[in-house]
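Dropping the structures in below, format is structure tokens.
Two complexes, one shared chain (chain A), two partners (chain B, chain C).
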Partner chain A sequence: MKLLTLNFLTCAIKTCKSSPLSFPLHPREVELEILETDYNAVFLRNILPRLEWEALRVLAGELGLPSLPESSPDVSSLSTSSEEDDSETPTQVAQDLHRLLLETCIKEGKLVCGCCGHEYAVKEGVANFLLPGHLV
Partner chain B sequence: MSRPEDILPPDLFYNDTESRKYTTSSRIQTIQSSMTHRALSLLSLTSPSLILDIGCGSGLSGEILSASASEGTPGGPHVWIGFDISSSMLGIALEKEVEGDLFLADAGQGVPFRAGTFDAAISISAIQWLCNAETSEESPAGRLSRFFNGLYASLRRGGRAVCQFYPKNDVQKKMISAAAIKAGFGAGLLEDDEGTKNAKTYLVLTVGGGDVRGDITSVVAGMEGVDVEDHRRGVPRKRGEERKGGKQWIMRKKEQMERKGKVVKTNSKYTGRKRRIAF
Partner chain C sequence: MPDYLVRLVQVHESFRKTELQSLADLNRVEIEFVKYAEDSPFCIVRLSDDAAARSVITRNILSYGIYELWGQGVDYDSLHASVKQMSPQIWAQYHKSPFRFTMDSYRGSRSMLEQFPIIESFAYLDFKGPVRVRDAEASFTIFEDYEHNGPSPKYLYLGRFVAASGRQAKTTYDLKKRHYISTTSMDAELALLTANIALAAPGKFFYDPFMGTGGFPLACAHYGAVVCGSDIDGRSIRGTGGSARRGQTGKKDVAMNFVQYGLQSRYLGGFVSDLTNTPLRIPTVESGAGYLDGIVCDPPYGIREGLKVLGHREKLEDFERQTHQDRFKEAGYIPPKRPYSFTAIQDDILAFASDTLVEGGRLSMWMPTANDEDVELVIPMHPCLELLSTCVQPFNKWSRRLLTYRRLPESEVSKDAMEYAKKEYEQGVKASELNDFRRKYFEGFREFEKSRQEGATSENFSEAKGLRGINKGNCSCN
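Presenting the complex of A and B:
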């Protein structure tokens, strides 16, 4: 599971939906892997304003990754050319974000809700979000 | 003809054997691919987007979402997140090393993403399953409402969802659209080849703020005569020949990736072998 996905994922349990503690989920005992993928400048520009930057900083800290700047980089800092054509070169900021969000993946471990404590297992990168009937 | 959802719950129906049969059938590949392209044309995406694939199965639709615009995917390549209730189906998606993130989850339990996450959502041949409640604790109406409410919240304003499904009858068709409208969507039904045995039903949903309200006339306008072509049709494959998703195919893809300077998983005796996640 890409770290990008964790920036959008919440606890699935109904009573947690309204609690701010149900996002982000907290990774525990995780094994990370890098799965490389093509750099997609337009996607990165599209998604950057939608990120919860503070949650991403928390996540990087919990995973022991290098710490992130206090505030989200601006979309304009992603490329050097001002023309938004395909030949633009990604800046270091853009390359780092691509690596962090789209290539750094949780392979094994669990995700824990800060509100109810429910643990979602991750195996081979796939998280199990099936809930027992009484929690739906 | 009996409908699979009347026989067994989805996670039991799509077991290892059925999931593999489903994914490797060239007839099914062709049909799912043309429906995915049709759904994509209804989504009208113009640039790489974040897409939710509900009931993603083994990733037949997802592979198309990951393709680039020059390969025929409008606005692509998109980034997608898929969920499915069958671990066998997801196991096959893993074998194929699809690009999207996969979740084992039940759409009838909701959509666990924060508000405004997705640009769009797609679902191919899955949501009719929600009309069957698996236990006495739940009702089809409850499952449909949890699903559509969750979907509505997880889409960004102006976002769209297209769900192709196989309604059992008119009552079911109405029950599904009514649940979507109740959740707040602008909804319309589009029927291709209406009245034939190849009829296909698409539920087109919009979240307020988009250019479509209440009906889909503006989505369908100008679409008359749109024919979805699939170029993979018609080449019979011989036994032992490379099959998409098969071992040979995976090895060749890996070589291609390695040549492009990418890090690929080292080959092992498990490469291209059957996988199943045991939770």
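Presenting the complex of A and C:
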């Protein structure tokens, strides 16, 4: 699963959802994998304003990935346009974000809720959010 | 604005207008339907120019192409008169262009020998360019519309070709050639159509909460969206539940379907979850707006497709709870599930969509219904969602509908409706009123279920088979 997904995932237990501690989930014992993908400028532009930036910073920190700026970059800082041919070149910020959100994947490991401590397993890139009997 | 002729396909009729309108919405062009009938493959629309016509058609599934309309009439005399009246001011533009003429006879046919004099009869257009079978700059088609078994055409059109449709995608994504499918995999044509109606496009984020083998997310990714999906059955995502294709062995999973079509860069991934206990974050007033541009799904029908949610049939005894707690980390532990109501899950989907869609985002959801006059058709509604279209795919005793909703901007949501919807739930009116509906509803499906089990003998089965790629045997997503 690409890391971007984690910006939308929280604990599946209803009573946890209202607690700020349940988001983001914390990766534990994870095996990461880089899957190179085509740079997707228009998607990055659209998704950036919808991101929970602080959660992304926490995630990058916990995974030991290069740290992110304190506040979300502006959409306009994702590319520089050239005068001559109207083409747009992704900035370093944009390339870093692309790598983090769309190329870095969790292959194996656990995602842990900071509120209830429940661990969700990730196997072969597929996270399992089914709750055991005593939690539903 | 000029008139254009859309050469539609004569299948899934009730989806055709909705698809054209959706693609016009997506490209922000005005489309006006001048002439349209369910029983005809010829539709006339008004669009601003060729560019608008192209934008509406290049992704379209239920047409072959779009033509600038040069004339029409009930017979050749009136067609010629119409051409001479409608289009003479543009003839000159093609005076020297390499060109070609073809004929398209719907429910009729013309031999080469017959075609020649018909094409010659347009000589007054005075085209002086060379005739080119390939790479013609201007390509004209004479359309003939026949009655079934009619001796001569009942209506005629002349059109200049503008753009071909995107219908070939139906072949590219054909389930027969798909790496991994299951018994409930959505037919490629309908999945692509759904993605068009839901406005999947580059830059957007789409989600399917009942992804199965990923048919909808694939279709949305084909149109450029970044997608993810989930399913309560982990085997369907990981592909360990066995394949619906006879003789299919080896590792097969949803991710490999994305690889097959070169779409893996747009696939965020799949996760295992129950919609009624979703791990996706639900934005609140404080935490801001929705984040999904679209939700497309075919929820389980409730009988063999195993509509289940997490939970217990009866309240757990303390010792049972303890057993779950002690055992849940063991390999092979299966979380308990309970049956759930079909109408309840639909309401859950709408509530989820209302919470997570961006303003203007779309939910396209399939819903089966019994074709029983005594059953009032209940279309699920939500105060924050506006029903945009209902397309019907009829079978014998049941039909499937594709319902498409738009997330209203907060400013357009009626506060009264919000209050009312809340009350309805509190008083429990909804559930009790729907009991009878539910019963009849499921009766309607027996036919479908039975035909599935019996095999390819019944006519209804082959119909269902053609549409959903169903094989004999057990449903793998129970």
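Simple rule for what comes next: the second predicted complex is superposed on the first by the 128 of 136 C-alpha atoms of A that agree within 3 Å, B and C clash if a C-alpha of one lies under 4 Å from a C-alpha of the other, contacts with A are read in each partner's own complex, and residues count from 1 in each chain.
By definition in this document, a contact is a pair of C-beta atoms (placed from the backbone, for glycine too) under 8 Å apart; a residue touches a chain by one contact, two chains touch by 3 or more.
Here the structure is a predicted model, which is why all the values come from computation and not from measurement.
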Putting chain B and chain C on the same copy of chain A, do they fit or clash? clash
Which of the two partners, first being chain B and second being chain C, lies in contact with A:L130: first, second, both, or neither? both
Check the residue A:F23 against both partner chains and state whether it touches chain B (first), chain C (second), both, or neither. both
Should A:L4 be classified as contacting the first partner (chain B), the second (chain C), both, or neither? both
Would you check which partner chain A:I34 touches, where first means chain B only, second means chain C only, and both and neither mean what they say? first
Name the contact category of A:I47: first (chain B only), second (chain C only), both, or neither. both
Quick check on my understanding: which residues of chain A belong to both its chain B contact set and its chain C contact set? 1-2, 4-5, 8-12, 14, 23, 37-38, 40, 42-43, 46-47, 50, 52, 102, 123-131, 133, 136
As the complex stands, chain B meets chain A at residues 47-50, 77-79, 81, 83, 85, 90, 94, 99, 101-106, 109-110, 112-114, 116-117, 119, 135, 137-138, 146, 156, 262-263, 275, 277-279
Going by the contact rule at the top, pick out the chain A residues touching chain B in the complex. 1-2, 4-5, 8-12, 14, 23, 34, 36-38, 40, 42-43, 46-47, 50, 52, 102, 121, 123-131, 133, 136
Quick check: in the complex, which residue numbers of chain C touch chain A? 202-205, 226, 228, 230, 232, 234, 237-238, 253, 255, 264-274, 277-282, 287, 289, 291, 293, 310-312, 316, 320-325, 328, 333, 335-336, 358
So in the complex, the part of chain A that touches chain C is made up of which residues? 1-2, 4-5, 8-14, 17, 23, 35, 37-38, 40, 42-43, 45-47, 50, 52, 102, 105, 120, 123-134, 136
